[in-house]
Amino acid sequence: MTALLEAKGLEIHFGGVVAASDVNLQIHEGKNLAIIGPNGAGKTTFLNICTGYLKPSAGQVFFNGKGITRKSPREITRLGVARAFQIPQLFGEHTALENLLIAAAARERRWAPFTRLGQIPERAEMMHLLEMVNCVHVADRPVEELPEGQRKLIDIAVALALKPKLLFMDEPTSGVASSEKFAVLDIVAKALTESKVTSVFVEHDMGIVERFADEVAVWNRGEVLHRGMPDDILSHADVVRDVIGEEI
Amino acid sequence: MSLVPRLAIPLLLIAVALLPFLAPWSKVMLTLALAKGLAVLGIVVLLHAGQVSFGHALFFAVAAYSAAFLGQAFGGGELVSMVLIGVASAVVVGLLVGLFVVRYRYIFFGMLNLAFSMIVFSVLEKFYHYTGGSDGLQVARPLVLGIEMERPAFESLLFYGGLVIAVIVAWAVHRYFDSPIGHMLKTIKTNETRLEYLGVSARRVLLVGYLVSAALCGLGGVLMAVAQGIVTPEYAWWIRSGELVFIAILGGAGSVSGAFVGALVYEVVRTYASAFAGDVWQMILGFFLLGIILYAPRGLIGVYGSFMGRIGSNTASGKEAKRRAMEAAE
Amino acid sequence: MNLQLIALAVFDGVAYAALVFMVAVGLTLIFGVLRILNVAHGSFYAIGAYVVASVGGAIFAAGWSPWLAFPLMLIAAAVVGIVLGGLIERLLLRRIYDKEEALQILVTFAVFMILEDVQRLVWGVQPYFEATALQSLGNIQVFGVYYTVYQLILLPLVALAVLAGLRLFLRHTLSGRLILAVTEDREAATAIGIDTDKIYLMTFMLGAALAAFGGALASATTSVLPGIGADMIVLSFAVAATAGLGQIEGAALAALLIGLGRSFAVYLMPELEVLIPYLIMLLVLLWRPEGLFGVTQTRKI
Amino acid sequence: MLEFENVTVSLAGVRVLRNVSFKIDASETVALIGANGAGKTTALRTIMGFTDVSGEIRFGEMALTAVAPAKRPRLGIGYAPEDRRLFSAFTVEDNILMPGQVAKLTPGELRRRLDLIYEILPELRELAARPAGSVSGGQGKMVALGRALMIGRKLIMLDEPFQGLAPALARRYAEALRRLRDTDSEVTLIITESNPGLLKNFADRALVIDRGEVRAGSLNAEEAA
Amino acid sequence: ADKPDQLQVGVTAFLSGPASVFGEPAKAAAEMMVAEMNASGGIGGVPLKTYFVDEGAGGEAVLAEYRRLVQDVEVDAMFASISSGNCNKIAPLAEDLKVLNFMWDCGTQRIFEENSYRYVFRTQGHATPEMLSSVLYLLKTKPDFKSIAVVNQDYAWGRESWKMFSAALKAMKPDVQIVAEFFPKFGAPDFSTEISRLQALRPDVIVSTSWGGDLDTFVRQAAQRGLTNTSTLVLPLAESSLERLGKALPAGHIVGTRGDHYFLHPERKSDLAFSGFVEAFKEKTGAYPIYPVFHMSQALNALKAAYEKAIAENGGDWPEREQVVDAMAGLSFAGLGREVRIREDNQGIEDQLLGTTIHVDGHEFAVLDNMMMFDGDELTTPVGQESVSWLEQLTPEFVGKVKVEAFSHGS
């Protein structure tokens, strides 16, 4: 198994807060890795470093064997890393479909000034993506009017529209109603496998982790505490105590 | 687009084109309105990105002075080369300034543009040995493709030529807005982070928009310079930049046709206000602007749109209106 | 340039900076809280100056004590701030807080245009001049050069007092802290019980009063005539942007930089004088994109 | 305690709540549940006065619609918005204190409530001196929660308070809220949640928002669905 | 041609902005004088009607309005303008529109030196005699001064006027030392820095061609800080500021009037038409007339003279427009001052009056004493020559040769 992405010795501090301390992690191609951990453990920070939003004070990140530590989000995205956000990052004034079309145009580098966005060849593909995340009925609504849950789904779809090799998802299901969570992630997971996308997702819902993760990594206070198969990790005493909590 | 607005633009164009036959003096005023409309279109491009420049008069002035220098260097000059050189120098300066300002947003973007324009303004005033100081430079009537023209013919040429150019440019900008890169420009207003995470450089997208807007302002500046026959540092003054933004909002922010409609209405209101209310024309314009912003924030184009909507709802979309009425009655 | 000239240039720069600061800090305050770049700010400056010059002229001609000039300035500033500022906030700005930035600026631009004409209708076009305050404090001689006590000592002291007072108010009083909270998130502030309407109104009145106070102070040193507001406003913009928006201390430092830059330019390269504020602003922003004291955005993702 | 009578709310021309009527008694704990976009957040924002509303909302004896939004917190209403909305320039502790200061609580009372909040949400103690702008997504939710507790003596409204919290923490909070409810029998709680399982143990009943209408629902039934 | 109902005249003047200190009095004067003319039968029996255009509205608006008045309202003559910048813009336009245009107040000497016009005339002197007479007055009254500094507004007028002043000064007093040249920006509110610098430099003479608020502020700040005790001010435009400055302008400084414009004109003050107007003007506006008022009177009287001459040449019939233009050649007329003559290059020749300030009882402000009147013919650049090079070839002997008439206050 080759490591698609590898983090070595990442360090980052914010004032006195340690958000990453000697973080070493390999992400294997074709697998879904879940990251769990208490709030403020440094999960989002890890994603931020890997996607170029933050620069670590020490350590390196490699993607496909290439160093990307000092690269900008834009350059890293161009290498095939996409991201969905904890708080959805969308183009509020554009419709759901347009959001996806813009992503597709960016992917295909359609810069010609006189082509129309609504008529680029990827339109059908994008409609299909919308269908996948159950949002066809809101395709023509400006996303700023949509509720948070739907925005999260569209945010994931935008990331998928880039056809990445590696997809980071920060709490993809928080804010999505529990009745829909599984159905949606089922579809996303299927799409990921089909297009052989490796994924890393931060998640607080252990049901989701159990069902979709091939592997789990546990974060606490800026460190990777454990890593392993979901069944093992989720029953580990530390994890139960710090992350999952016992039924009271 | 429904039928009515589709006809509206050609009708308006024809009306404007015919106006000089009724009132000969209006030809130059309309040419100036066109020139400003072009510059306002430049502002509209940036408004699409949510950015307001309070210094775009800079490009207006750069192009106008380039044309004037060219004219002086060649004892009159040639209209076509003036336009080309003027626009080209606006684009070059746009690139220099743009590389710097596209790193900033909102108020900083506006203020930096203001700063650059004020620097150019001050230089134009200070270095009067080269620029003629506040009196500016005369722009003698240039040849047109080698032909010398009398004032009336020249003025007609400028007006009708300007009208044709404006139509072409407006169409091009319209298409630009609807292109992927035009839509990306709009996302600078809403979410740059995501744009970067799509692998697109927000700065580059904005720079393209900035160059387009500089070119448009430049085109307007040259037209203004040759129509006026003189260029002055006032072309670069902040009030002038403010005026361009003012017109953009007046016409309807973000609307291509609004830029020209706004410029036309502004020019007419301003001319008549200063003619018939000599000492309170500023106040009249001020109230006019307040009225537009408070009661018709989508500008004149918006007013027109809702007016047409109301007429339309009696006919075409009567069903929709009925549904609304029923809902209201519930 | 010898030491004497450097000292002279510093004195001139500081005196000038004090006035610029008074106006710019009001602008910055309003921007910081209301997020509106107030173009009409220059008009408050001008009107403050007009009120003091015309009222002062009238009462001193009637034989009142010249020392009344100082309370008159404070009263004029308060009246302009409360009446004019209050009216504008209530009748106009209140209706546009949720509109786009460009629209907001243009509303204040329109107010500026209207007030320009109002000034002409009320005070005419002849310059006013009322230097009683300046004269009553006399001159002092430094390095063989006469300075007015008013410009060399009083103005900088007043500016310092305003700076200290505003700092104290914003950082260490509850109302000041509430203002900062409203600045960041209006709805959230309402949700914890802050009367944001009132805060906006008070801030705008305070900012307008500061501008008018700047004008009142300036009226003793300059002719008051049409157009003084327009120049002041661009200068204050430059100061506010250099400072970092909403930054009180930044405004003081930026005003000082610009004041000193200007006076040294007059001594060394007079051609550069008008360019100085903008050059300083460009350099500062190149080095610190958020301005001298500006804060970088909070985390978004 | 709180009563909606024929309340209709439109956002941008879309009617999100239609003619809604319901009643919540004092010291009840109610879960407001519904799919994404059902209008849960809108209902809470309406109580805070941030929407244009037609119809009657009563709070105790008072017509709430006649009270200016900024005056409502002083009636004892605390609100933790879904999207946190902290004041990033202030520390976490200042954020929590601020509603109390605005309402001019006595220093003693402020202290008492702050201690209570730290007791319920001990994680906040550690964050107290940090700028609120720098805390993580989940930490931000806690701060918002703490802030709502400061002023909410009669009514506390929490919009998806557990969203983004690690389950261990979420459970502890649910527990803490239950204790709060048990000790302070005065207070009414409205909690919106798209994961009703968490509320099963202490919500008295559930209200479901569905297509703009509100009806009684069951936490268990929702979970099953 | 048929006699029209009205003789329509468009007047551009600053009615807003800082230069409205000139435009407003001129407008008031025009209204008074036109009313008076119309009461006595107008011009050749035709009453005048005036249209005002605000130059403060900006160059474009002025040009648009100019065109509208000429092409739409079809005015018979235009008086334009106060600003030299506007004169530059308007002169070629007037020529193309073939409308009789009087440059009634602007001073730029360039217009007729760089181009020749048929329809454009200037009904007063230009900047060259104004500056030259200031230098001459200075050299005659204070021949021994050594050093000079300048503080002018930074725009074309401030620059150009200094160029001419210094050219003439260097030509006639080659050993003079120019110690500082300041061009603070137009409308600058504060001259403290410049004044500190000047106090450190201590020049014998400080010249400033500023006007309006800028001049007032400079003089007041200079006086306040004692600069007026150590240096003599030469203020070629200060006649327009005397009343406003009040006691702030001390005695002993040199004041110019842009012509022979002075409400106590030594030759005309006892003349009833003159004193009556001055009284009426003061009554109406609250201030004494200043030079733009005088310039306006010259333009109106030039129009009257031209029409009357053309009517006479046309055998008593109303003249065609072109005949009026023809009648301008060599025309002489007098406003509220000495006679002015139109030269063959369309430039007016006007005498220059300067004086030194004194404070006397009966006036709350400085008035002029030790007045000198210079002959415009001698001081105006000869036709076909360029002003600066003409000034540069003057010699120190010119100071003695030039003809002056002297007057003192009250004489």
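Going by the order they are written in, the chains are A, B, C, D and E; count residues from 1 in each one.
As a working rule, contacts are C-beta pairs under 8 Å (C-beta built on N, C-alpha and C of every residue); 3 or more make two chains touch, one makes a residue touch a chain.
Labels paired with UniProt names: A = ABC transporter ATP-binding protein; B, C = Branched-chain amino acid ABC transporter permease; D = ATP-binding cassette domain-containing protein.
Computed from a prediction, not measured in an experiment: that's the story for all the values here.
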{"item": "Required steps from chain B to chain D (each step between touching chains, minimum)", "value": "2"}
{"item": "Reference chain D; chain at largest CA-centroid distance", "value": "E"}
{"item": "Chain whose average C-alpha position is farthest from chain A's own", "value": "E"}
{"item": "Distance between chain centroids, defined by C-alpha means - chain A, chain D (Å)", "value": "29"}
{"item": "Geometric centre distance via CA averages, chain E-chain A, whole Å", "value": "77"}
{"item": "Centre-to-centre distance between chain D and chain C (centres being mean Cα positions), rounded to whole Å", "value": "43"}
{"item": "Cα-centroid distance, chain C relative to chain E, in whole angstrom", "value": "37"}
{"item": "Multi-partner residues of chain D (each touching 2 or more other chains)", "value": "134"}
{"item": "Shared interface positions of chain A, touching two or more other chains", "value": "44, 86-87, 89"}
{"item": "Shared-contact residues (touching 2 or more other chains) in chain B", "value": "122, 125-126, 193, 279, 281-282"}
{"item": "Chain B to chain C touching residues, read off their complex", "value": "47, 50, 52, 100, 103-104, 106-108, 110-112, 114-116, 118-119, 122-123, 125-126, 193, 238-239, 242, 245-246, 248-249, 253, 279-283, 285-287, 289-290, 293-294, 297"}
{"item": "Footprint of chain C on chain D - complex, ascending", "value": "48-50, 68-74, 79, 81, 85-90, 94, 98-99, 101-103, 133-134, 147, 151"}
{"item": "Chain A-facing residues of chain B, complex", "value": "172, 175-176, 178-184, 186-187, 189-191, 193-201"}
{"item": "Chain D-facing residues of chain C, complex", "value": "174, 177-178, 180-181, 183-185, 187-197, 295, 298-299"}
{"item": "Contact set on chain E toward chain C in their complex", "value": "15-18, 20-21, 23-24, 154, 181-185, 187, 189-190, 192-194, 196-197, 199-200, 212-214, 216-217, 220-221, 224-226, 244, 248, 287"}
